[in-house]
Amino acid sequence: RLYFQIPQFIRLLLTIFASMIVFGYIIHLIEPNEFKTVFDGVWWAFITGSTIGYGDYVPHTTIGRLLGISLILLGGGVLTFYMVTFAKTTISRKDAYEKGDV
Amino acid sequence: RLYFQIPQFIRLLLTIFASMIVFGYIIHLIEPNEFKTVFDGVWWAFITGSTIGYGDYVPHTTIGRLLGISLILLGGGVLTFYMVTFAKTTISRKDAYEKGDV
Amino acid sequence: RLYFQIPQFIRLLLTIFASMIVFGYIIHLIEPNEFKTVFDGVWWAFITGSTIGYGDYVPHTTIGRLLGISLILLGGGVLTFYMVTFAKTTISRKDAYEKGDV
Amino acid sequence: RLYFQIPQFIRLLLTIFASMIVFGYIIHLIEPNEFKTVFDGVWWAFITGSTIGYGDYVPHTTIGRLLGISLILLGGGVLTFYMVTFAKTTISRKDAYEKGDV
């Protein structure tokens, strides 16, 4: 089972990174004054998609905000899902280890 | 099954947009100095309902804050539910595709 | 079933309000300069417990921050649980209605 | 069952505190100007890992931000999982008590 699950986990991670890079790149194009580098945009996409929302980078234009809403509706859940899945997997593996199943 | 699930998903999206527009419109009426346009209010409702909370727009009056608490208690869960549902559906569909079920 | 579920939902809401008022009152006592009124504290407790975190009110002392960490560890999950439960109940009731079960 | 579950809960809490202290200590080393004390870093790690994100402490360097992204991907889910687990356990125990099971 491990053989198939690990690539799935890596695919999920790659999907997250690819999505955040795409959103970060687009916001950098839309609001280059607020998001001076592509990495500023990627950082914003991660902080927004994970629903942390520091507020250090915030879109101010209507188009930028619509991109932000798209990020919430398309990408936000993926990161939330990843976080819960990761936690559940870690804890159940730890339990399995302690029970002697692994 | 797809025939019934797609309209359900669109209804969920429409419910979210309708709720955020209502909350955004009311906060614009309550605190027009902080939320200068209706879209400022809608943006605030999305950022609050998704629990991102940038802090770029925050209600300062007691009535405005009570509306914010109502938004958390009424709308917050709907967006959270949407995000997790969306992620789960995306991932399980992807898995089904790879297994050859779709 | 409705007869027992509605009081349970109200109890959950009362537990949330009671917890947030207690945390809000304590932070007002610990940092009266930052949290000038009890309602400022209650607002902070709701915004923190729901993991929105606007940053308009933030504890600056070590004791205040330890209270904030306690709020995360004790109260945060209750609000998250409420939000997801509320959304699930709303949506499943809506589905039941449309299927003709209610 | 209680005999085994309570230590598990304490282990989960200890894992959270240990992780947050490690992340807090590293960010203090990477950005000592922003995170002046180790406790500033630990406070940031808790506020970030719980996805509250006040924005009172934010990493500004590329390395610091990569640590933040690691914290989201490694630690964020553990805290989210803890919060939901805690809420579910509290509520189901309360229900069991009211049903007379405990």
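By written order: A, B, C and D. Residues from 1 in each chain.
In the analysis below, a contact is a pair of C-beta atoms (placed from the backbone, for glycine too) under 8 Å apart; a residue touches a chain by one contact, two chains touch by 3 or more.
Values in this document were obtained by computation on a predicted structure and should not be read as measured data.
Between B-D and A-D, more contacting C-beta pairs join the chains of A-D.
Comparing each option in B-C, A-C or B-D with C-D by residue number, the pair that reproduces over half of the contacts is B-C. Here the CA centre of subunit A is 18 Å from the CA centre of subunit D. Centre-to-centre separation between subunit B and subunit D, using Cα means, comes to 25 Å. Annotation for subunit D: residues touching 2 or more other chains are 51-55, 80, 82, 84. On subunit A, the positions that touch subunit B within their shared complex are 8, 12, 48, 51-55, 58, 62, 65, 68-69, 72-74, 76-78, 80-82, 84. Considering their complex, residues 51-55 of subunit A touch subunit C. Taken in their complex, subunit C has these residues touching subunit B: 13, 39, 43, 46-47, 50-56, 79-80, 82-88, 90-91, 95.
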